[in-house]
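So, here's a batch of structures to check.
Next come two complexes built around chain A: one with chain B, the other with chain C.
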Partner chain A sequence: MLLKVQDLKVSFATPKRMIPTLHRVSFDLDYGEVLGLVGESGTGKSITGKSILRLLPPNGMITGGKILFKKRDLVGLRESEMRKIRGKEISAVQQDPLSSLNPAFRIKDQMTDILTLHTDMSEKEAEEHVIQLLNQVGIKDARSVINKYPHQLSGGMCQRVMIAIAFSCSPSLVIADEPTTALDVITQALVIELMKRMQEENNTSIIFITHDISLASKICERIAVMHKGEVVEIGKTEEVLFNPKHEYTRLLINSIPKIEKEIRTIFNGVET
Partner chain B sequence: MSSEEFITESLFEGFKSILSIKVIFGLIVLIILFSTAILAPVISPFDPNEQRLNEAYKPPFWVKGGDKNYILGTDSLGRDIFSRLVYGARVAAVVAVVATILTAITGILVGLLSGFFGGKVDQIFMRLVDIWMSFPPVLFALALIAILGVGLKNVILAIAIIDWTRFARVVRAEVINIKEKDFILADKAVGMSNTHIIFREILPNTIPIIIILATLEMSIAITVEILLSYVGLGVKAFTPSWGSMISEGLAYFRIGWWGMLFPMLATIVVILGLNSLGDGLREKIDPRLSLMR
Partner chain C sequence: MPVSSTYLLRRLLYMIISIIGVSVFGFILFRIVPGDPVLMMVSPTASLEDIEALRHQLGFDRPLYIQYVNWFRDFLSGSFGTSIRYNTDVLELVTSRLPATLELVIVSILVAFVIGVLIGVISAVKSGSWADRILTGFSFLGFSLPHFLWGIVFIVIFGAIAHLLPVSGRIDIDFEVTPITGFILIDSLVSGNLAAFKSALAHIALPAISLALSLIAILHRTLKSSMLDVLGEDYIFTDRMKGLPERKIIFERALRNALIPTITILGVQFTFLMGGSIIIEYIFGWPGMGTLLFTAVQYKDLPLLQGIVMVYALIVVLTNFLVDLTYTIINPKIELR
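Up next, the complex of A and B:
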């Protein structure tokens, strides 16, 4: 067992009172497994992801439960210990690739920074490794891309770079927080495919956070459905999709747009 | 095109794109000021403090009674005004650079810490800044000089003590804006330390605004030095400063207008140039920043 989240509770402080956001979230994740966290906006998917990295906003805090990562409880860990885990053991892919890269630096500098931080590679070795990583994520002219600034790259390219960064120290767990939401559908499919491939090549576990259950079904082996700060259903992807037990899961599945049906209803009036 | 070429090219393009009439005018003034300051011994025909009492009150050379040797005339002690003006540029340049560096370092540090950590740290620093800024700057400067004593070093120190608050405020606002960006979260998510994030990730993003502030700060520093020297609390006597030249010129204004006019003109041109540089840079850089965000 790589990760075991047990009765995780998170609350946010407002000037008046504490607002509980996550109530007893529990799930577990095996080595090399892809778990989807699915639910509508505001159900606490991202908060769960951020709690695992211990990167909640300043007013948010974990009020109960355990996050066992490789049998170590991350909840009580010191910040300096946490820093060694972030990026090296657990890394993240953010939602908006364009704003996730520092505009003031070239791709090369941002990527080698992480490598020199967590490994004892020299600048030169790190640069070679970066080129190799970029090739791995499907960037062909990596040697010229590393000298570019983020604003010179497209959204899809930036997300590839972000994925390369996330996988650069071969972490055991990658938390992908809506990694494709800011991308168009075609790039979305490519990025999903890429993440799947990287996951298989490195035998990494992924927590895939998304509001799109159909997207989750493409990559995830298991799906956890979250609703109002709770995991309401968790199980194998097929089971959740074809035999949903919870009312809310059924609602989510029914809300997947079915294009033929949509088109038919639009054109029905015009056809005859 | 190789990547190296690409970078030099884009740097050049970047430089070209910030040029405007204001910026060019400012740059020219700045270059003239600094080259004059550096080359002062070469440019000036006389020792700025050399007195020739029998040659006093010579008008500029184009005025009747003027002497070709003294291009801009001489003052009440027979000192060459042009030479004094040139050496005055030296004082102005030193004050501009050193005082700006000092104010910038203090202000940026406070701004970075205050903006990044927020909460109590921010409260303490910002209330301090509020108190600091509530003192009228000129009176504050006079009081500080009264404590520190006159002299170039103390003038610079006084300017640094008074003016760091401007940097602190602006940098803090900028840091608060930047620290909420996704890439800072991404940096944290790969395990970077706060020090690394503050100085290596946030600071480089504030450099455009710091450059603008620094140019404006230079003009303020020069103004304050001139002002202090004018009232006799700036540089030590005999150090040629535009401020002291103006006040000396005022004393013999009825005999010779040139003693006061030329240092005043120099001051006006330099301040105008620096302000126009800062202003022009802001116009060029600001919209670009907002596009980048």
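Up next, the complex of A and C:
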């Protein structure tokens, strides 16, 4: 077992009172497994992801529960210890690729920093490794790309760079928070494919956060459905999709756009 | 640098137009304000013929546009005319005084920038803490009083009461510093005269801080708010997710983004401080352009006045240009074309 989240509780402080946001979130994740965290906006999917990295916004705090990562409880771990885990053991890919890269620094600077920090590579070696990584995520002219600024790249390219960063230290866990929501449909499919490939090559575990249950079903082995700050249902993807136990899961599945379903049946009909 | 040659050409044209505009405006303005420069020069017993003869000799009896054309012709050939009061070449007078003013303004800006940025970062990172509240209080105070009032307060406290710092001049008269750059701080260091450097530093402290206070307050506020915005950005989350140390994130990754609006302010404030230095120089007996301007106005020394105005205009125009170039370095998204 790589990760075991047990009765996780998170609250946010407002000037007047504490607002509980996560109530007893529990799930676990095996080595090399891809778990989907699915639910509508505001159910606490991202908060769960950020809690695991211990990077909640300043007014948010973990008020209870355990996050056992490789049998170590991350809750209550010192900040300096957490920093050794972040980037090296657990990393993340965010929703908007353009805003998750610093506009004032070259791609090179934003990719070598994590390598020189967590490995004993020199600046020069890190740069060579970055070029390899970029080739690996399908960027061909890597040598010119590393000298560019984020605004000179497309959204899809930036997300490839982010994925390369997230996988660069071969972490055990990558938290992908809606990594395709800001992309167009074709790029979306390419990015999903890329993440799947990187996951398989590195045997990384992924927590895939999305509001799109049909997207989750393409990449995840198991799905956890979140609703109002709780995990209401968790199980194998097929089971959750075809035999949903919770009323909310049924609603989610019914909310998959009809047109998409129809097109799929048309395409499937052509293929078979 | 992402700057096109058409941009540079166009910009140069604008600069020339602004300079000519200022020269016309200044020329007319100084001639329509009351007071006769010729009467200032002659003794009270001078005869009317003598006065008219002098007026004719100086060319003040000709139509305004002819006077201007003559002045402009000289200006193009690099001559600013002769000061009536000092009977010296205007350009020589101005260039002998300019380094003192620039030294004062640049030291003020450096002091303001270092302190303003530092307390701005502290206020942003420790937002809402006691440190933030105290700093905000101080910068509110610094902003509330005009700089010349601060100058007087400092003279009273540090000069008259505590006798800690000198309140007049650029350096103790015992020191002899050979001018190389005209910047006394640099010249004394270059010639290895440490005692002179210390004296010059002590002399510049009070006028520079008086001039810097309001800028510190402005920088503090701007940097605090832009830093707070930047620290909430996704790319800062990315850096934290990588496990980078907070110091590197704040002072390298966040600060460069947060400085963009601050640099704009610095450019505008440089010209503002050039203006503010006039009164500060007067209060602290600082031998720069400001005190020269005072004399020129007092004696209605028209060629000198016009010369000083032209130098100020040139500095303002050039500063604005340099600030725009700085943007392209600090913010790679900006391209000037």
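For this structure, a couple of remarks:
Keep this in mind: the second predicted complex is superposed on the first by the 259 of 272 C-alpha atoms of A that agree within 3 Å, B and C clash if a C-alpha of one lies under 4 Å from a C-alpha of the other, contacts with A are read in each partner's own complex, and residues count from 1 in each chain.
Please note the rule applied: a contact is a pair of C-beta atoms (placed from the backbone, for glycine too) under 8 Å apart; a residue touches a chain by one contact, two chains touch by 3 or more.
Note that this is a predicted model, so its numbers are computed, not measured.
Look at chain A after the overlay: chain B and chain C clash there. In the superposition on chain A, no contact is made by A:249 with either chain B or chain C. After overlaying the two complexes on the shared chain, residue contacts for A:51 are found with neither chain B nor chain C.
In the superposition on chain A, contact is made by A:144 with chain B only, not with chain C. Legend: residue contacts after superposition of the two complexes on their common chain; A:92 is shown touching both chain B and chain C. Overlap of the chain B and chain C interfaces on chain A comprises residues 53, 55, 82-88, 91-92, 94-96, 99-105, 113-114, 117-118, 151, 162, 165.
Residues of chain B that touch chain A in their complex: 2-4, 6-7, 118-119, 181-183, 185-193, 196, 200-201, 204-205, 207, 292.
Within the complex formed with chain B, the chain A residues making contact are 53, 55, 58, 82-88, 91-92, 94-96, 99-105, 113-114, 117-118, 143-144, 147, 151, 162, 165.
By the touch criterion stated above, chain C contacts chain A in their complex at residues 232-235, 237-245, 253, 256-257, 330-333.
Listing the residues of chain A that touch chain C in their complex gives 53, 55, 57, 82-88, 91-92, 94-96, 99-105, 110, 113-114, 117-118, 149, 151, 162, 165.
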